[in-house]
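Sharing a structure here in structure tokens format.
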Amino acid sequence: MNILAFGAHPDDIEFCCAGTLLKYRAAGHKIFVALTTSGNIGSNVIEGREKIAATREAEQLEAAKVYGAEVRFLRFNDQGLVDSEAVRRAILNTMRWANPDVIFTNFPGDMSTDHNVTSTLVGRMMLCLPGKNVPADEPPITKTPSLFYWDTGAGLHFEPEVYVDITDTMDQKLESLAKHKSQFAWMDTFQSVSFPEHCRLLGAFRGLAIGRPYAEGFRAYRIHGYMPNFKLLP
Amino acid sequence: MNILAFGAHPDDIEFCCAGTLLKYRAAGHKIFVALTTSGNIGSNVIEGREKIAATREAEQLEAAKVYGAEVRFLRFNDQGLVDSEAVRRAILNTMRWANPDVIFTNFPGDMSTDHNVTSTLVGRMMLCLPGKNVPADEPPITKTPSLFYWDTGAGLHFEPEVYVDITDTMDQKLESLAKHKSQFAWMDTFQSVSFPEHCRLLGAFRGLAIGRPYAEGFRAYRIHGYMPNFKLLP
Amino acid sequence: MNILAFGAHPDDIEFCCAGTLLKYRAAGHKIFVALTTSGNIGSNVIEGREKIAATREAEQLEAAKVYGAEVRFLRFNDQGLVDSEAVRRAILNTMRWANPDVIFTNFPGDMSTDHNVTSTLVGRMMLCLPGKNVPADEPPITKTPSLFYWDTGAGLHFEPEVYVDITDTMDQKLESLAKHKSQFAWMDTFQSVSFPEHCRLLGAFRGLAIGRPYAEGFRAYRIHGYMPNFKLLP
Amino acid sequence: MNILAFGAHPDDIEFCCAGTLLKYRAAGHKIFVALTTSGNIGSNVIEGREKIAATREAEQLEAAKVYGAEVRFLRFNDQGLVDSEAVRRAILNTMRWANPDVIFTNFPGDMSTDHNVTSTLVGRMMLCLPGKNVPADEPPITKTPSLFYWDTGAGLHFEPEVYVDITDTMDQKLESLAKHKSQFAWMDTFQSVSFPEHCRLLGAFRGLAIGRPYAEGFRAYRIHGYMPNFKLLP
Amino acid sequence: MNILAFGAHPDDIEFCCAGTLLKYRAAGHKIFVALTTSGNIGSNVIEGREKIAATREAEQLEAAKVYGAEVRFLRFNDQGLVDSEAVRRAILNTMRWANPDVIFTNFPGDMSTDHNVTSTLVGRMMLCLPGKNVPADEPPITKTPSLFYWDTGAGLHFEPEVYVDITDTMDQKLESLAKHKSQFAWMDTFQSVSFPEHCRLLGAFRGLAIGRPYAEGFRAYRIHGYMPNFKLLP
Amino acid sequence: MNILAFGAHPDDIEFCCAGTLLKYRAAGHKIFVALTTSGNIGSNVIEGREKIAATREAEQLEAAKVYGAEVRFLRFNDQGLVDSEAVRRAILNTMRWANPDVIFTNFPGDMSTDHNVTSTLVGRMMLCLPGKNVPADEPPITKTPSLFYWDTGAGLHFEPEVYVDITDTMDQKLESLAKHKSQFAWMDTFQSVSFPEHCRLLGAFRGLAIGRPYAEGFRAYRIHGYMPNFKLLP
């Protein structure tokens, strides 16, 4: 299968979904990742948006190597992502490019702006996948992918419907997260735990629910014609 | 009374609301229909957005004859409808043009993009109906219409608050739906039941709730000053 | 696996869950059914609660033959089921007797009294399955079954989380429902469609959501230690 | 029509529903009121539960005269009302006695114990109305009444679905409330506004929503076969 | 502390939040108010949007004097407020300008268009407060303010989580509201109670919940890093 | 102040609330704990319900010493707790005995049977606190305590409204939990993490939300007259 993880910022995918991607990868599936923004305001140390974006894209490419993914950057402005025809078109192009069987993205109830805009727009484009006459730069696709939402940063406003046991891939997940070096100091100014420990805690907490050391939790997007197939999860 | 059905695409109104409109018509009320888009990506057979739009507008006009409605096309792009001042103004103009006592529209929780944008924007314009100074091309109106949301395509995310028994108008409803000939083959590529059978099933299912062969279900928009009056339903 | 369907009345299981049970059966699993009541007020034609119960139990046994299930009757009074130690104990005994991997029961949000009491009490007994010191007449079991809730009569207050395609077993499902002969006339006094047609409609409507002719929809009970495993569904 | 108001305590009906009952009465309908308890702990001044009950029943009879209702007391203990076969049977008897077209009762989400137990049990008995074989002392009835829930004491946890304009009956409503003399001092120990002023405030607040001086708000019970008909409201 | 009240229209703050602001002021805190629009369609008597805006800004400045606030007008069009980079930037600037410990704004579930857009966008900008690289005209701030949503016009769709007793400041609150003279006649065309009486009723109703003559109710915005601190409320 | 923690089983209070109790204790408040059951089915190693109860009561008394609480056992059967007049009376007696300013209890949405029954019944008794004529063995009290619900075992179905930072008391909290020695082996048969590590994880996860190492999260019970005062939390 083709698996697409569509996030808002570099590190979103590693933080919330990489354990699951690593399981897909180990089972021989093909992984695609895409980001609506390159997180170009995500530093108070690096100077200037271009430089932040360049740094973070490089980190993202390193991270994606850990789970062997192809990467696509849409390069809209971090904290500047707004519903518009241009953003919709770029998202649709990317969804068609990956030709996915399963899509993962942020959660629409996440209060972080880019997270909910990305998530909402990925959902908005689902019905456009097969349409020949939708303005787009990639040809239509005929698959009807399942779309799952990943967790929020500290689990707020999010109760998983389904869990993936990531005990076996937790180490590699943290390895991929560790590539986002620029975020470690930045995040430490906001939190009392380090960025990787934060990630480990969220995984351990979701694991509690299913009686396993580590898990990632997901909710499903539902529209008739594109209903979730839970059996496609690893 | 004046009744306005405000949909996102040709066939939305016939699919979810025509049974009710036919009852209003039979009782002597005046029917208006309006569409934010002409469904110009709604075919993989017809070539080009202009041609699809032209075909579907013609079908919509035929369908509206079955329940005797005046029709207004706003002609925004299918799957390209975004919240903006231009769309809001066109919607407000249309609402004032119909001078309605009751309005029906899509449901804001519908995951189909144009459906929720249309619905949200119709709701957004309610408080602008009487304002002299709102930029618009139609004069203010003083009625305070009740606004009802119709069902989603397969009933997902939608629990009706109120039902209209359409047993007597079901045949004519299907007749109006049948005018949307271009959609029959298109829909059949997505579904295991035919388009009219799908419509019949939804009506029969909603009918179960009230112990009648066929019904349409609705939910209400509520804001103080424009609260729903259930007694205006047929 | 062992599959337990735990209903409130004769015909509940056939109406909402038999399509799924037939798929399990065809795959070689063992089916158990249990009923908290024998539906002893479920007729205005048959005279007396004992006679109604006897009739309906006989019908239930016939129905269960269609999907090859063992049956257990708890024989509490229809419309008289109340949360109490006695009912809880009988339910726990039955759950242990079946030693299930998957349990199905009514939905706690179902407004039909026996439905929500049965459902609530089956849920209440989940944590008692392994306890040696819980007063009971069956020995503890160590499995941690997934518990799923089936649909309500006309789908009210119920949005499925997961669907089972029952297109292949729909005919046999209706055959099992047909064994509940005493209910056909009784139900016809309340509804505008016949009992089997009602059942067919619900299945067809749930099928719409997943693009298949017939489906049964389910929601999951969740408590840590007994979380649903969607992959156990057929 | 026959209208039944089924409350938990003397003054519940006057506080939340009498404005509507007075409109029914004025239109020529027959009014029945019933109370699960006689409010026998509802005083710290009167000594003893029998005496409190006697006082409050007398007050209730006076209040009911204002809107011309027949009254039935079930006399279970205030704050002692528990789901049981005995309470259910008494409630069913009462519902059949009134042979109602419309029923009003407390709201199941009301955190006041007797309010939610009364409400839940009235709902539990709906499907028993027509059954010949349900143990009861009143014969079955064949009507399928609409059941509406009235407001909570300060509107907490309650958003009305439908409103009845009681501007014309507000004075008489307060007159009926005034009969519950024993409650005035008792209530004043808990509140910063007087009991009648509290009632007036709730009515005025609900009126705001519909742009009228006074209103009562209601929500509907829904089960297929007994769905609400909003047009039966005055 | 610095307290920021961020509303959509002149009079929003006075109507829903001034009682609380007055308590902060009395305790020596600094008050800032900002408005996304100057309510330039909010009259059918005054001619033209510029003139309405000028009138209403003058009234707002008078009102703000009552609770001693600094005022900032963003001057987007009333009923024309749309999510965009320009509006977001202006809102972010304003939030940084006030350097607040506590922010109040409209409620995102409010069906009034400008109310929910203002509220949503204030929430959207929370994570941008400390970022050096977010395009803005005010420098970053390091405080992590609590954000609270105030009530809706008639309390619809809003259940407070927390209440502030405004009994002592109610008179001054009404005094500040009275400065919005242009709204009195305008509002009277929609309502059966006068504008100040409407405000008094809402305060008295919220007071009922906590057993005090007058209160304002609030709900909290929550995202990790910017969680509400209820102890900062007066 | 007097603080009452009312749990269903020995270890509930230590697991979910002891960090907060320790803060109250350190501030000089008086702590009371009460348990509806003595957890007499909570072991598969100890033989017999009496012996389990005796063991666990002894452990509870040791645990309570850590935070200096008085303890009261109601001794209803674990997994046998049903809503009844007897249980209600025992709970009311206990609430009056503690004469609390703040009460903590399990959450009514917790799917663990005794947890939700205990929680529901504590809520049911709130309005009975001041009534002279409610059958009880303790005299009425006039305080109007705030009631808060603590977390569920793995946080399922629970989103805190408010958090208490327990970083300073976490060590002592775990010390009190460690007194429940009989539960350590028992819990290890169900979980992949040890009982104290489970507790630490829940605390660390709730801490994430507020940017602190450890926290306990709570939700509030609300009824007018007994609304939560968040400022009473430590």
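Going by the order they are written in, the chains are A, B, C, D, E and F; count residues from 1 in each one.
Everything below uses one rule, namely that contacts are C-beta pairs under 8 Å (C-beta built on N, C-alpha and C of every residue); 3 or more make two chains touch, one makes a residue touch a chain.
Owing to the predicted nature of the structure, the values given are computational and were not obtained by experimental measurement.
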| item | value |
| --- | --- |
| Shared interface partners, meaning chains that touch chain B and chain F | A, C, D, E |
| Candidate from B-D, C-D or A-C with the same interface as C-F, over half of contact pairs in common | C-D |
| Whole-Å gap between the CA centroids of chain A and chain B | 35 |
| Rounded Å distance, chain A centre to chain F centre (Cα mean) | 39 |
| Whole-Å gap separating chain C and chain E, where each centre is the average of the chain's CA atoms | 52 |
| Touching two or more other chains - residue numbers and ranges from chain B | 83, 154, 156-157, 190-191, 208-209, 211, 222, 224-225 |
| Contacting chain pairs - touch in the sense defined above | A-B, A-C, A-E, A-F, B-C, B-D, B-E, C-D, C-F, D-E, D-F, E-F |
| Chain F-touching residues of chain A, taken from the complex the two chains share | 154-157, 159, 190-193, 198, 201-202, 204-205, 207-209, 211-213 |
| Sites on chain A touched by chain E in the complex | 40-44, 48-49, 52, 77, 79-80, 82-83, 111-113, 152-154, 156-157, 189-191 |
| Complex contact set, residues of chain F against chain D | 83-85, 88, 123-128, 130-135, 140, 221-225 |
| Of all residues in chain B, those that touch chain D in their complex | 161-163, 208-211, 220, 222, 224-225, 227, 230-231 |
